[in-house]
Each structure stands twice: as C-alpha cells, then as structure tokens.
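Naming follows writing order (A, B, C, D, E and F), and every chain is counted from residue 1.
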Amino acid sequence: MPISAGDTAFIIICTALVMLMTPGVGLFYGGMVRRKNLISMIAMSFVSFAIVSIQWVTVGYTLSFGSDIAGFIGGLDHLFLNGVGMDGDGIPDMLFMVFQLAFAGVTLAILTSGVAGRIKLSSFMVLGVLWTTLVYDPLAHWAWGGGWAHSLGALDFAGGTVVHISSGFGALALALVIGNRVGFGKYSMEAENVPITLLGGAMLWFGWFAFNAGSALAADGLAVNALVVTNISAASGAITWMLASWIKGKPSSLGLISGAVAGLVAITPGSGFVGPMAAIFIGGSAGLLCYSALLFRVRKGLDESLDAWAVHGVGGFWGAIATGIFATAAIGGVNGLLYGNPGQFVIQLVDASVAAIYAFGMTYILAKLVDKIMGLRVTEEEEYVGLDISQHGESTIA
Amino acid sequence: MKQVTAIIRPEKLEEVKTALEDRGYFPMTISEVKGRGAQKGICIQYRGSQIKVDTIPKVEIYMVVNDEDVRPITDTIRKSARTGKFGDGKIFVSPIEEVIGIRTDE
Amino acid sequence: MPISAGDTAFIIICTALVMLMTPGVGLFYGGMVRRKNLISMIAMSFVSFAIVSIQWVTVGYTLSFGSDIAGFIGGLDHLFLNGVGMDGDGIPDMLFMVFQLAFAGVTLAILTSGVAGRIKLSSFMVLGVLWTTLVYDPLAHWAWGGGWAHSLGALDFAGGTVVHISSGFGALALALVIGNRVGFGKYSMEAENVPITLLGGAMLWFGWFAFNAGSALAADGLAVNALVVTNISAASGAITWMLASWIKGKPSSLGLISGAVAGLVAITPGSGFVGPMAAIFIGGSAGLLCYSALLFRVRKGLDESLDAWAVHGVGGFWGAIATGIFATAAIGGVNGLLYGNPGQFVIQLVDASVAAIYAFGMTYILAKLVDKIMGLRVTEEEEYVGLDISQHGESTIA
Amino acid sequence: MPISAGDTAFIIICTALVMLMTPGVGLFYGGMVRRKNLISMIAMSFVSFAIVSIQWVTVGYTLSFGSDIAGFIGGLDHLFLNGVGMDGDGIPDMLFMVFQLAFAGVTLAILTSGVAGRIKLSSFMVLGVLWTTLVYDPLAHWAWGGGWAHSLGALDFAGGTVVHISSGFGALALALVIGNRVGFGKYSMEAENVPITLLGGAMLWFGWFAFNAGSALAADGLAVNALVVTNISAASGAITWMLASWIKGKPSSLGLISGAVAGLVAITPGSGFVGPMAAIFIGGSAGLLCYSALLFRVRKGLDESLDAWAVHGVGGFWGAIATGIFATAAIGGVNGLLYGNPGQFVIQLVDASVAAIYAFGMTYILAKLVDKIMGLRVTEEEEYVGLDISQHGESTIA
Amino acid sequence: MKQVTAIIRPEKLEEVKTALEDRGYFPMTISEVKGRGAQKGICIQYRGSQIKVDTIPKVEIYMVVNDEDVRPITDTIRKSARTGKFGDGKIFVSPIEEVIGIRTDE
Amino acid sequence: MKQVTAIIRPEKLEEVKTALEDRGYFPMTISEVKGRGAQKGICIQYRGSQIKVDTIPKVEIYMVVNDEDVRPITDTIRKSARTGKFGDGKIFVSPIEEVIGIRTDE
C-alpha cells in the first residue's frame, strides 16, 4: 500500500494534537496543587516530553516496536531510528514512530501527579528515563509491538493498558515509595487554580480525539467510530461524576472535568471496538467507579496526590474489561462477552491484571532504586517553600 | 478596640477559621501575602555553597475586636495554626481607635 | 461516492477544533465576569458540551437530520443513532453527525452568557436540554436538514442563523426573563481577567477556521474559500471595533477581540458564498454594527450580560443579510443582490427574521416555564457570594 | 496536478495551527513582562495578526509571490488576490496564500518583544504595516517567491531566514532605536507570570509542527521528516538550555521553554533537509548558543527585552548554517558540507548574513522614521503605569 | 496622623474612588482581600440542612491622613460604598505615628 | 514595638529586600497592592483634554520591629527604594502593642 495523503495528513495532525496533551496534563495537574508547586507541575510535563522525545528516537521506539524478543521486548533493529523511513504502508513508518512518541511522552507526564510537590527534579529526570525504558516500552511492545498480549489477542485500541494502567498503577507505587506530603490529611491541600485545571482538561479532551481516532492509523470509519465514542464517554463520565458529587455536596467543576477524564480513559482501549450506546454506559460507569476509587484512596489516607491511580489506573482497568464485554465485531472485528465471546473478556482481564501488576511492581523497584542512589524526595524545607522556588528558582506572582 | 493580625500557613487557614467560628468569632479579613521570618525565611542548601533565601506564601488574617477578646482569639489562633515547624507564623496586636459600619448608621 | 481519506481526515480534525471552541467560549466569557463567577462560566461551557453530547446522540441528531416532517422538524428514524454508520458519501455519516454535535454544543455555551452570574446550575441543565431540543434542533433542521428554510433556498453555510441568531436572540430572551444582576448599572462589573478572555478569543478564532471551512464537508476549494474569508472578516472586525472604541476612549483589547468575534460571526453564513474582498467589508461593518448594538443595549439598561445578542444575534443577522447581498455564483453557486439576484436578499431577510423571532419567542417561553417550575435564578445571597462558591463550592484564589 | 483532498486537508489545518502561534507568542511574551504590560503584550499579538491579515490579502501576498522583479520583490499581479483562485497544483492557490499569511502574522508578533512595555500602540500599528511590507515581504520573496536567494539555491524550508532572522534582527534594531526600559538594569524586571509563558510555549511547540511540516505543502514523507526533526530539535534544545542554566543556578522552567523555542527556531530552515540524528545536534547546540547570546546581550546592558534576537535571530542564523552543514540529499535532495557539498554551506552563510543585515538595517530606518514622524515611545509616565492602562485602558486584577 | 482603612464591595471601588477624588482626597492604597462580617459572612441554605459559611471577595482601601480629614473621608466612603444590603463593609481608624516620603527627603 | 509599612515600586522589591538583609533585618511580610499618591497617581494626557487618573501596582512591605530599629530600617528602605521619580512610595510607622509567635510559646 502506498502512502496515502489523507491518512498521512490525519496522523501528522493527530500527532500534534496528542503532543498538546502533555502540557495539558501539566496545566490540569498544576491547577490542583498549591500555588507554590504550580510551575513545577507544568514544568515536569515539559521535562517529561523532552526526555521521552530523545529516549524514544534513540532506544524507546526500537524497544517497543523492534522485532519481538520472547514476547517481552523489541529488538534493537531500529536503534537510532535505523530503518525507519519516509515510506511505509499507508503512512510513513516515521510517522507511526512519532505518533507513538507522543503517547510515551504524555504517559510519563501523567506519572508525575503521584509525586506532586515533593520530588527532586534531578531524580525525576533519571527515574523518567528508566521508567519509560523499563515500564512503558515493554508494555507498548506487549500490546502493539507483537508481544505476548498481542499474540494472546488482547485488545487495546489506543492505550488503556499501555498508557493509563501503566501510569495509574505506576503513580500508586511511586506515591507509596515517596510517602505522603508533609501535613497531608492534617490541613487542606485543595486545588488552588481551578480555571487552569479546566483549561488543561479542555486540552486533554481535545487531544484525546486524536489520541483515540488517530489510533486507527487511517482516516476511515474506524477512526470516526473512535472519535464518536470518545466524546460520548467523556460526556457521560462528566455527568455521572458531577451528579454523584452533587449528592454528597456541591457539583464541583473539578468533579465534572475529572469525570470527563475518567470517561476518556475508560473508552480508550475499546474506542475501536465498541459502539456509541455502549460508550454512554462505559463512560458513565467510569465516572462513578473512579469517583469511588478516589474516595477510597482518601479514606485510606494515601497521598496518591492527584488521583492518577483512581482515574487512570482504575479507569484504564475498567476500560480494558469493558472492551471485553462490549466489543462488537461489526465495529472492530472482535466480539466481547455481550456478543457471545466470553473468552475475550477473560483475555482482557488477564492482560489488564498483568499490566497493572508489572507497572506497579517495576515502578516500585525503580523508585526504590533511584531513592537509594540519589534520593527521590526534596528536603522538608524545600517541600515547604514549594518546588517552584526550590527546584526551579521561580515563583508565581502574588 | 484592637486589631489582631495573624500571619499563618495557607494550609492552616481552614482550621483557623473553623476554630474561631467555634468560639463565636466570625468577622475577619483575609489576604494573601508572602513573608519571611526570623530564620531568614527558609534556607535552601544549594550546590553545597549557595544559600537561597526567599519569601514564601502566607495568609494574613486580621480581626478588629474588643479588648477583652484579644486573649481568647490569639490563643485560638495559636492552637489551630501551630504545627511546631518553622514558619508557623506570628500574631501582632495593634490599637484601633474607631470602627464604623458602612451599611448601618454607626 | 466512497469514503475519502482526505475529506474524512479533514472533518475529524475540524470536529476536534470546533469542540475546543466550547471551553473557548467558557474562557472568553469567564474573563469578562467578576472573579467570583469565573469558574461558573467555564464550568457551564463544559456542562453545555456534556449534556448536548448525550442529547445529540440520543434524540438531537434525528430531530435535526431525520426525514423531514412538515418542514419543521426531523423524524425519529435516527433515534439513538440508528442507521448512522461508518460509511457514507465522501465522509462517514457518523462523522457528519459528530461534526454537527460540536456545533450544537458550542451554541448552548454561547447562550450561558445572557444569564452570567445569576442562574441556578440545576435549572440551567434542564433549560439546556429543552433549549437544544426545542430551539436548536428545529433551527438546524430548517437550514440543513431539509426544512422550510432549506426548501426556500436560504443560505447558511456554517450556522449564522442556526448557531448565532439562535443563541444571540435566545440569550436576549433569557436575560429578560431572569432579570438584571443585582447592582447592574449601579456599580462597575468590568471584566476582571482580560488575559483569560483573550486566550478564549484565540481559541475561538482558531476553532472557527474549522467551523466554517469544515462546513464544506470536504477538503476542497470551497473549504479554502471559507477559511480565507473567515480570517479576513475576523481581522477586519477586530480593526474596526478597535478604531471605533478608540474614538470614544482607549482601544481596549476587549474591543479588539470582540470585534474579531463579530467578524467571525458575520462571515459564518456567507463563508461558502462570498469572496475575500467582500469579507473585508462584511467583517468591518460587523465590527461597527455590533459595537453600536452593544452601546444601544447598555443605554437601554438591559443586562444581556456579555453581549451575545449584540455580537452573535446582531452579527448573525447582518451576516445572513450580507450573504444575500454579496453571494456570488463563482464561489458557492448562488448570486446575491449585488450580482443581480435580489430574491436571495429577500429570502435571507425572511429566514433570519423568522429564526430570530422563533429563537427569541421559544426561549422566552422555555425560560418562563423552567422559572415557574424550579426557579431560574439563584437567591440574592448566592448571587452576592458568586456562583463559584454557591453553585460549585469552589473559588479562585486570592 | 489536480487538487488533492489529503494535501488540502493538511494545509488547511496547518494554517489554523500556525495561526494559533500568534496568540501563543502573545502569551509567551506576556508572561515574561511585568503584570502592568501583560494585556498589552497579548493584545499586540492580535493586532499584529489583524493588520497583517489585511495587508497580506491586499498587497503583501503579491509583493512576496507576484512575478519576480529584479530578484528583489514580487510584482503587483496578485494585488487584492487577483488571480489567486480555488484551484491550483495539489492544493488551491488560495490555500497557499493563507498558509503564508499565518507566517507573516506570527513574524510581526515576534517583533513586538523588542519593544515590550514602551511602544505606542498607534506607532506600532504604523510600523507594523511598514515592516511587513518592506522587510517581511521582500525576505519572503527572496527565499520562496523566486527572488535572488531562491535563485542562488539558498535553503530555507520553513522560514529560518524569512521568519526568524528577520524578526530577531529586526527586534534588535527596534530595541536600539526605542532605547532601554526605564530602570532597566537597575531593578528587576523578572517574568511575572511563568505559567502563562509556559502555556504560550506549549502553543508554539504545537503550532510549530504545522509550521514546519506544513511547509512541505503536501502530506507526504517530507512533511513527516519535518515533523520528526522539529520535535527532536525542540526537545534537545530544551534539555541543553536547562542543563546549562542548571550549572549557573537553578534549572528554571523559563530556560526549559526558551531552549525548546531555540531548538524549534534552529531546525526551521533545515526541517525538510536534515535527518533526525542531526536534529539532536542542531537543537542541542541551539539551546547552548542562544543561551550564550542571551547572556551576552544582558552583559552588554542592552534591553532587547524578551530576547527575540538571542533566540530567533541567533537561532535562525545557526539554523541556516546548520542546514548548510547537515543537509542530506536523501531527505530534501540537497547535500550540505558534511555530505561533501561545501558550496551549500557558503550559500547559506551568504543568505543568512544578507538577510540579517537587511532586516536590521531596514528595521532601523523604519523605526527611526516612525519615531521622527509620530514618536515610537510612550511617555515616561505612561511607561511607568504600564501599557495595559496607558494604551488600552485595561488592567489585570490584583 | 490616622490610617483610615475601609473594607468595601469590589463593585463599589470605582464609585468610592471617584467620590474621594471629588473631595480632593487622592492618595490611597488598595488591595484585594476576602472577608466575612458579623453575619458570619453569608449563609447559603444548602439542601435544607447544610449551612455553608464562607468568605467573599472584598476590596480594602487605606488612606493615611491628617486627623481632621478622618471624618470627611469616612463620611464620603460610607455614602459612596453603601448599598444598604449585607456586606457593605466596615471602616477602621488607627493611629499612624510617622509618614516618610521615599523620593523626597522627608 | 512598631510596624514599619513601606509602599514601594514592584521593581525595587529585590533591592530593598537585599539591602535590609545586608543590615540584618529579615522578617517581613509582603503583599501586592495598587495605589495612587499625592500627585493624584499618574495623569496621562489623553487626546489633549481627557485626564485619566488611575491606580498602579505597588508592593507593600511591613516589618514589626523594636522601636530603636525604626530609624535604620526606614533609612535603608528609603535609600534602596528611591529612584528620584514620582511614585517612589511612602513609609508609615504605626504602633504595635504585642507580638506573639505561633510556634513557640511566646
């Protein structure tokens, strides 16, 4: 198949939109922390994107998409983009590479939320390289690069497992290793800049269209299906989370946008496999489920600070399972439980569980390692003054 | 009358407000400030040698109250704002000569 | 005609860009209200998008684009997207559906401006569903779904009538029913966050390219014409409004961006029918006209708070008429007054007038209804503390 | 070649993305100035875009792309877009026109940084029209419209010379004519709103994908190469600048984002000619080089306020030369020094030097002229209260 | 000398400034604060039972003036800042011992 | 004790802080304000006739200090904050009756 201008146009632009999600994550989280850590949260998203950009074009891409080694990792045939050219199948190989780069970048940015307001920038940079190489790259290989999950027939259209379970459970491990923020639970650490969070959320919703639809790798009906179900699920999640929080008090705009993100996460793996009406249900239940996970996390006194676990981890897990339930061959060629194929449901469960365990375990080990070698956490004084000043020498006015 | 001005940690604001409320002290004015204390603010050891001294976000609360309320209020603030760590803040008491309501005629 | 990858790529991305206009509207208006209502304005744009997303895929689309009933409304053949598939004519039917969804979402968001700082969130949600169903959907049907305006030959390329006249005149009715803000006219209610408004305005200008160009439903010369005249009209409106306000005082950046929006609104219906030089005139006069409408509104002591009527209502009306004047067959196949076809001018006038009257009247009735049943307006105390706290339990720092 | 839907879709969307860079520039710079000039910086970006939009469709396009006159300027054959139609070669001529318009707009916006906080709005508008007409348009003609640089074989894929050298050296001249801000060097004028700058930076990085990839004018392998090297260079520049500033103190997020912009600037001319590994080097050295230029500028006590010269001027110059070094025929059909074609290196050096000298000299003359006629600078009192109040009658809260 | 500090509604700031100007009182310092008054701020009835008490945005103006100017200034502020509704604000008068200009030598 | 309150140009903050530091005066509270001075703030000639008077951003610093420190502090501030241009700011000295540390028991 020669290069198609339409498909190439589509994926180039999708790459740009997905890239925008990374600062989107930074703003989304930045508004949720105390003002003294606002710059730090945004900066970490840029740092994530910058280091992953270099990691990916040197070793990351080949570890993910190089020729399969034992179902676990890609070989080094594409080291330094060797053999990744301007031609390809429908779209240039190089384009597939950079589209995938944007995914790897945003995933690391999501991970930063678990250590908000207390991680050393230098340690984060080291950890970030290790994490992308040893957690993200294998997971990407498993699902999309010809690894075991792929062979098993696990479905992950746009990264529910690769992006969200990995970062969500990774953030959980990270939060456990680094420990709670000083004063957590004792005094309020409420979101201090809701409008910035809403802006970041808007950038995420926007970019997610490209994230999911672009994963069709062609501008076709499948991409359109992904686009449609993505929006429906986001809307549905926004509404249910908002209503659930309304029952407990006021319908905060943070609840609304968190619900939207929960819906976006949950539809990600199934966006090329499920239909619009299923999406209403998948997103809606994601809103309720992730909100419950958040409340559970808070009750446990665990400072997984900005709920990457509750939203991305739990939402991603639910999405993987939901794909196994609602997938219909009419859309993506595979049926799920509801359409008489319980095997798919089991496969999804296995895939998601292994990914969650691997991401959690490996992140835990890496975090411990970095902590031992160079210390993961800033000093109490640095935490107190905030990471903006202590890590970047900058501060937000007022 | 007196003005009681307290500089506290932003994180403690809710707790202080609630503690004051519980004791029946409602009226107050709050602003966001930055500050440094006697410890020269916070010293961050930077690259061995460099010492960065800077101001950090604080919340200032002030309440204009009758003389006899000063003690209970300062006690309440101190209890609710304290963490025992550097940077807990200060309370200043200063004289107010007159208080005028804008809505009501005096 | 089979699915075209180029056209499909185009409309998928356009859909994403138009979607971004909804939070863009939220930020645009959010910066114009007092800080205590900033979160509320942004949140209402997300709420609008969320509820319309669900309304549209269940009943909205079929009411607008289902088989025509008496020229007034669409039938229920596409209820729950029944029969809306992944194939279609040039682009998948499903893609046309979701592109149109984004239009419906942003329209409701514009409507919120008329009741800024005083509407109950719950009532807005009810009103929003009703309004989209009973005002937006019929108007979309009239113009694009085979309704009477369509049969009459009225031209509305990208929604001057459907989107702007409807929301502008709707906001006016809403403002009349809900009444002025407490203290309106007595004390200043100036824009408190101009940079946020400018950011929102940038998102609007950006998204509008997709709004108008995408309305060609193909990546062709017509789309390009729409893109070009859209930008010209925006620039022209920005300049004239700025200059006009310069004569009366200082050239505020709010005037600049309002003028740009006025230009964007005014070119919307004609963007597939008029040429670049006409666009300079259409946008430029829109800037002056909408600014005058704003001054008129202020003189009348009417708190149509953020001038949806002056900008979208009047601008949309002018745009409809201007299309009847400047349309040239060389571009869109139809001539206007200037090119010897006065009939088109009359048609445009009739269409715009009926739409304005219907939108105003129906909105008035719906608003009265909701007001009677559940109360449209917050209490005076809630208004005083602001909707951020009273409706969402949140607040912007400082 | 008939119109390609894929390519047309691509360039329409790229045009929108490049347009977004203009407010991006406004926010990027707005965060760097004192709060009293924040609105002014953003507003000037909109003003730039508005006036260039009109200039371009009337005279600018034809001066740049009209039939060549003596290698220096385009003829008036396309005055008022005469003969620029909806058909063309691959993409409609009109689309090429508007894509180029977006470049001209953002270039003028970059120029505003040199006079931040002290230029009269009215004088800027006059200067802006003159500058675009007499500096930008000729440079665009030289490189892309069939002018002497084009004939010479100078390579400028996406505007390293046309956009960045012109605005960077122009800003330098402008800063010299208008003089330092009152109190410059005596008291701190640090960035007061870093998050806004980071947001603006994100918009730039995002839009730059379209800026460079779109310059292929087709959705093909070349566009993809541009996309890939653009991102790599940005990431690389971000990292080196951050590390360099880390050695001298703290790794500020401003350094990070400035480095990214430096990398983006430097890869611009070569993005269709060099490969991914060269991009790591080009971006990385741009980070170091532009940072050194900034330090040099500060040491000289020169208030080229927001470092358009250091980043765009020096970065653009380095990019032009780097293209002459690293260009490889495998990508863009031309070899550079490293691939055995030293002649290209010399051509690049000549082209960049002439452009820098012309931009500097002509801007200097124009600035002097405007200064003589109507005064370039606000009064000291107006500068003191800030341009937001004095030029726009607006202010940012708090 | 005295410091007259007024906490007013943000919406009334322009009116108060103009009223003071008209009477020849220019120098002032303004800041944004949040506050709650004697009515415990504002009570929002929420779902029948819940009562939310919170602070709301206010503007603080202060002017350091000669003793004889205190009365006309407070009168002016009261007149221009009043709406008759809750939340109109308060004026405090406190002593100032010395005023030093930075530019001029005393 | 006394409270020394200085309204200065935002641009001068770093210089003033450093100057105070150099003389051993660390504790202070800083806030962002807007203000206008005796010159009616700043008058901008606008279109010949119109005169716009407005408030402009300032920084307010206050330090609660012992009586004997007032003079050296005000001198330091004046020297470091001065540019000789309009708008350099003012310093006010007012009485403080009590200072209470929140962390320590007195």
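Miscellaneous remarks
Everything that follows uses one rule, which is that a residue touches a chain if its C-beta (ideal position, glycine included) is under 8 Å from a C-beta of that chain, and two chains touch if they have at least 3 such contacts.
Treat the numbers as computed from the prediction; the structure is a model and nothing was measured.
Within the contact network of the assembly, the step distance from chain D to chain F comes to 1. Note on connectivity: the fewest steps through touching chains from chain C to chain E is 1. Superposition of chain C on chain D using C-alpha atoms only gives a rotation of 120 degrees, nearest 5. Ranking A-C and E-F by contacting C-beta pairs places A-C first. Here the CA centre of chain C is 49 Å from the CA centre of chain F.
For the pair chain B and chain E, the distance between C-alpha centroids works out to 20 Å.
The centroid of the Cα atoms in chain A and the matching centroid in chain B are 41 Å apart. Multi-chain contact residues of chain F (touching two or more other chains): 31-32, 41, 83, 85-87, 94-95.
Annotation for chain C: residues touching 2 or more other chains are 4-7, 9-10, 13, 35, 199, 249-250, 393, 395, 397-398. Across the interface of their complex, chain A is touched by residues 9-15, 32, 41-45, 52, 54, 56-57, 83, 85-87 of chain B. Taken in their complex, chain A has these residues touching chain B: 34-36, 183, 186-189, 379-382, 384-386, 389-390, 393, 395, 398. Chain contact summary for the complex, chain D toward chain C: residues 3-10, 12-13, 15-16, 19-20, 23-24, 26-27, 30, 38-40, 42-43, 46-47, 49-51, 53-54, 57, 80-81, 85-87, 91-92, 94-95, 97-98, 101, 121, 196, 199, 391-398. Interface of chain E with chain F (complex): residues 3, 17, 21, 26-31, 64, 94-103.
Interface of chain A with chain C (complex): residues 4-7, 9-10, 13-14, 17, 35, 191-195, 198-199, 201-202, 205-206, 209-210, 213, 218-225, 227-228, 231-232, 234-236, 238-239, 242, 249-254, 256-257, 260, 276-277, 280, 331, 398.
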